[in-house]
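You will see chain A twice below: alongside chain B first, and alongside chain C after that.
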Partner chain A sequence: MRRLIRWWPLPALILLLIFPWVYRQPYYHVLGFNVLLFATMAVSWNIMGGYTGYKSLGHSAFFGLGAYLVAIAANELGWNPLWSAPIMALVVTVVAMVLGWIMLRTTGSAFVIATIAMLLIFRLLANNLRGITKGAPGLSQPLPPWTPEFSRMPFFYYMLFWLIIALLVSAYIRRSRFGLGLLAIRDDEGKAEMVGVNTTLYKVLAFGASAYFVAVGGGIWSYHATHISPIFAFDIIVGVEMILVTMLGGLGTLWGPVLGAFIYIPAADFILFQFGSSTAHLIILGGLMILILLFLPQGILPTISEWLEKRRTPRAAHTGARSMAEMQTPSGGPEPDTPDTYVSAVKQETS
Partner chain B sequence: MTTLLNTTNLARRFGGIMAVDNCSLAVEQGTITGLIGPNGSGKTTLFNLITSVYKPDAGDIYLQGKRITGQPSSQLCHRGLSRTFQITRLFWDLSVLENMIVPVRHVGIRSLFGPGMHRHEEERALHLLERVGLEHMKDQLARKLSFGQQKLLEFAAVLMSDPDIVLLDEPAGGVNPSMIRFIMNLIRSLNKEGVTFFVVEHNMSVVMELCDHIIVLDQGKKIAEGPPNIIQSDPVVLDAYLGD
Partner chain C sequence: MNLPSVNVLIQVAIVGLLTGGVYALMAAGLTLVFGVMRVINIAHGAFLVFSAYLSYWLFTGYGLDPFLSMIITVPLLFIIGLTFQQFMLSRLRNEPGLVVLVTFSLALTLEGLMGTIFESTGRSIRTSYTSEVLQLPLGDLTLRLPFVRLAGFVAAVIALYLLYLLLTRSDLGRAIRATIQNRDAAQLVGVNIARVQALTFGLGLGSVAAGGAIFSLIWTFNAASHEEWISKMLSVIVLGGMGSLPGAFIAALIMGVAESLASVTMTAYISPIVFYLILFLTLIFRPQGLMGTVIRKG
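The block that comes next holds the complex of A and B.
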């Protein structure tokens, strides 16, 4: 049974593959594309924000940069966005690593502010470098060659492909020595440095990796949107939604960002559809987010796994309390609950 | 005897206070050297200078004769110098085994993208965990361990990088007597296997029993050094602890 459960991504993938053929209206194809886009970007953001613990609020900068580079390449060089997106994303990754090398001298909220500043600088550049970006009105690019009624489906499948790649990379990083170092940095950066983790190198590499799939998403989105402008390409809300989605599903987990996107994006769309005319959707969304932070602060997946673990070992909660109690025991006096582990070890050692 | 670690005229000022003042000292290979002194005498600051947490205002640090002043902390671990902290620091949301695997001595770009844990590393980690009696907890999160177990885990993890010298900041701090005894035996047997120790400790009976050589700091200056029995009756040391 356990073994079978491990294969759950396969039926999920099959469902996703047939989805556009079951729901044939373009609306569902666009919604599906958006879900996959945000899932991909959240998986990517999670490498830095979840594994490493550095929460960037400026990842829209890489989204916009990817979008603009792809659009400019399509207009000036005639490069098809579908294959230029992953190439341009490599350029964005290099840019991210250089900027990251500077910004990652800061930690905590200073880092968050630095990333927002980075985003605003890119937006200013997009607005003002009119020769390249055409300024505030934005720039258009050639339409996809396929017929309009069919037009959304290739984007859906292409985005699905990139979500799978992003998940594979995220899973690979998590299992590698590199990922272990990132988790160590999240828990205690000074200690990680002390035990030999080159924290600067690790953080810069993680920042670059987390920019890559966001930039790929931006590139594909720009082709999908056909017209891009600074306010949408460098919109801080895009970055905020990557974070919300990740936190909803479970920060620092492999599948959390995906789950979060599959819940949040359709829900946000539904609420916008129902209440958008009165802008009440913003209030409802904000309220929902507050409720989630209050009652599911760790996100869905960690809460579930903790709950399962508690059911399996009913005394698990007790050990935490005991370690607290032991900390308060004064150093001299004998402890009431000396763990027999080291008592037996003492015997071995002294005999 | 060869000198493993030494400092020359090391100094560090915090505002108006000389935390470490013109401090020259040496730790000989194969010894257990103690570092004692009243509260605020600069012991932990000295450790932080040696391990590059702070940069010294003046002076140099040498490891096996090579200058290591200002080297990034992460490099020192790969050169054979490790430390523990006064207040136990672990990777709380990683498992016991993972806590052991993070500090290993050789990590290059190639192994960076290799698997998180190699077979030989896991075997070594389990062997060390067995030595401190934690092998049955290898899959627990570090935060779930008791205080004493956390302290042992930090100690065992430091040994994973196969250090030549270990700086211990209060190994007996806050733990019960049977545990102190256990930690002392562990230090001794590791010392016999060739690991040099440099130990800050407040518990005098532990220091006197454990150390071959003791260095005394007061107000950032080295005021005495020598074998335990001499230090114990040194009037300068007694004065620093009890005087004015």
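The block that comes next holds the complex of A and C.
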């Protein structure tokens, strides 16, 4: 039975594949696209914010950068956004790694401020470099060639493809030595450094990786929207929603960001539809985020798995005996989650 | 680029200096809260705009001059700050990373509330003295100083001086400074840290209410303005050294002059980039700022 449960992504994928054919109105295709877009970007943000513990508030800079690069390439060079998005995202990743290398000299709150400043600089540039970006009114690009009634469906499937890639990369990182190093940095950067993790290199690589899929998402979004402008492309809210979605589902877990996006994006859309104003949307978004941070800081998935764990071993959970045993034999039991275990795991691997 | 004459530059620099004084008052609470609690209150900008709206409302509804409306807005924001720290932020005491996110969410909520109540059109207060300009002869050039900026500067300096007296002469001030220096030691000698933190948060918002009243006289604002202003205030306190009140004052003057000069030598639209670049460069090359200590992890 438990083995069967492990295969749940397969039926979920099949459901997603037939979804656009069951709900045929473009409204559902757009909603589905948005869910997949934010799921992809949250999975990406999670590599830095969740695994490494550096929470960037400025990731919409990479979203906007990807969107603009793709739109400019489509207009000036005639490149099709569908294949130029992943290429332009590589450019964004390089930019992110250079900026990350500078910004990651700071930690904690200072890092958060630095990422906000980075976003604002990009927005200011997008507004003012009129020769390249056409300024505040924004840029238009060619419409997709396929027939209007299917116009949203290809975007849905293409975004689904990228969500799967992002999840595979995230899962691979999580299980690799590299990922172990990132978790060690999150728990105690000083100790991680001491046991031989090249923390600067690891953080810069993680920052680059976390920018990549956000930029891919921005590029595809730019084609989907056909018209982009600085306020929407470099909107701080997009970055906040990546965080909200991740924290709702479970910070630092593989599936948390996806679960969060599947809950939050439709809910936000419903609220926007009900109240019809973006200010009401802000109240709900902010209020919801405060509630999650105050009462569910771990997110849904870790809370559920903790609860299941307690149910399975009722007595041990009270005495803490089981977790002590796990700490002594890291090979047995589920994932280690006490701070020093990641550091000691790295130590074992390197020695 | 055609450079303006020296006379114009002097004129502009002095107006920048006056503006910087107001920036100092607006940012004082932010740096004070960071000093005591080691957290950054991103909602500081939203509370600035919120208190500016309060002053606007008191002016248009009851004809109360913004300088006088401080008597109402400062205690009100003090109580809001106290309550907010006591009942919400204290729950997250050990996780500064979460506090940043919570205060950011609060800023968004406030923006939504203000946007719903006051709509998105820009507001500003026009009093009888708004467009008055003082002519000050100085050697062979005449300085033209907008009255509002001069009065705002004087009011801001008085408010900052009162805050300074409170911090240096009162028991609460001693407790606050002790907590900034070394929280554990302060607790050891009997300082009630939770109480000091709540009062500091109150003082932080109280001072931003005073700043907001002056702010409402000088600038046009709407609900979304807080994003731009929190970035400016963060630049000020980072440059000054986070947690240092004198540092914030000097940094605010520098920023005021730099921004003012940038606005006449570059195009006005791109001049805010001066703030962001100073912020970025300070964080990277001199994280302790002019007069502060290095921001440690958290």
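Keep in mind that, in the parts below, the second predicted complex is superposed on the first by the 305 of 351 C-alpha atoms of A that agree within 3 Å, B and C clash if a C-alpha of one lies under 4 Å from a C-alpha of the other, contacts with A are read in each partner's own complex, and residues count from 1 in each chain.
One rule holds for everything that comes next: a contact is a pair of C-beta atoms (placed from the backbone, for glycine too) under 8 Å apart; a residue touches a chain by one contact, two chains touch by 3 or more.
Model, not experiment: these values are computed from the prediction.
Judged by the touch definition given at the top, the superposed model places A:Ala114 against chain C, while chain B stays out of reach.
In the superposition on chain A, A:Arg177 makes contact with chain B only, not with chain C.
Of the two partner chains placed by superposition, only chain C is touched by A:Ile243; chain B is not.
After overlaying the two complexes on the shared chain, residue contacts for A:Pro137 are found with neither chain B nor chain C. Residue contacts after overlaying the shared chain place A:Pro9 against neither chain B nor chain C. Of the two partner chains, chain C is the only one that A:Ile283 touches; chain B does not reach it.
In the overlay built on the shared chain, the residue A:Thr199 is in contact with chain B alone; chain C does not reach it. Within the complex formed with chain C, the chain A residues making contact are 53, 55, 57, 102-103, 105-110, 112-114, 116-118, 120-121, 124, 127-128, 189, 236-237, 240, 243, 247, 277-287, 289-290, 293-294, 297.
Taken in their complex, chain C has these residues touching chain A: 34, 38-40, 88, 91-92, 95-98, 100-102, 104-113, 115-116, 120, 223, 227, 231, 234-235, 238, 267, 269-270, 272-273, 276-277, 279-280, 283-284, 287, 295-298. Chain contact summary for the complex, chain A toward chain B: residues 175-181, 183-184, 186-188, 190-199, 316, 319-320, 322-323, 326-327, 329, 331-335, 338-339, 341-346, 349-350. Those residues of chain B that touch chain A in the shared complex are 51, 53, 72-75, 77-78, 82-83, 85, 89-94, 98, 101-105, 107, 111-117, 131-134, 136-137, 143-150, 152, 157-158, 161, 173-179, 181-182, 185-186, 189.
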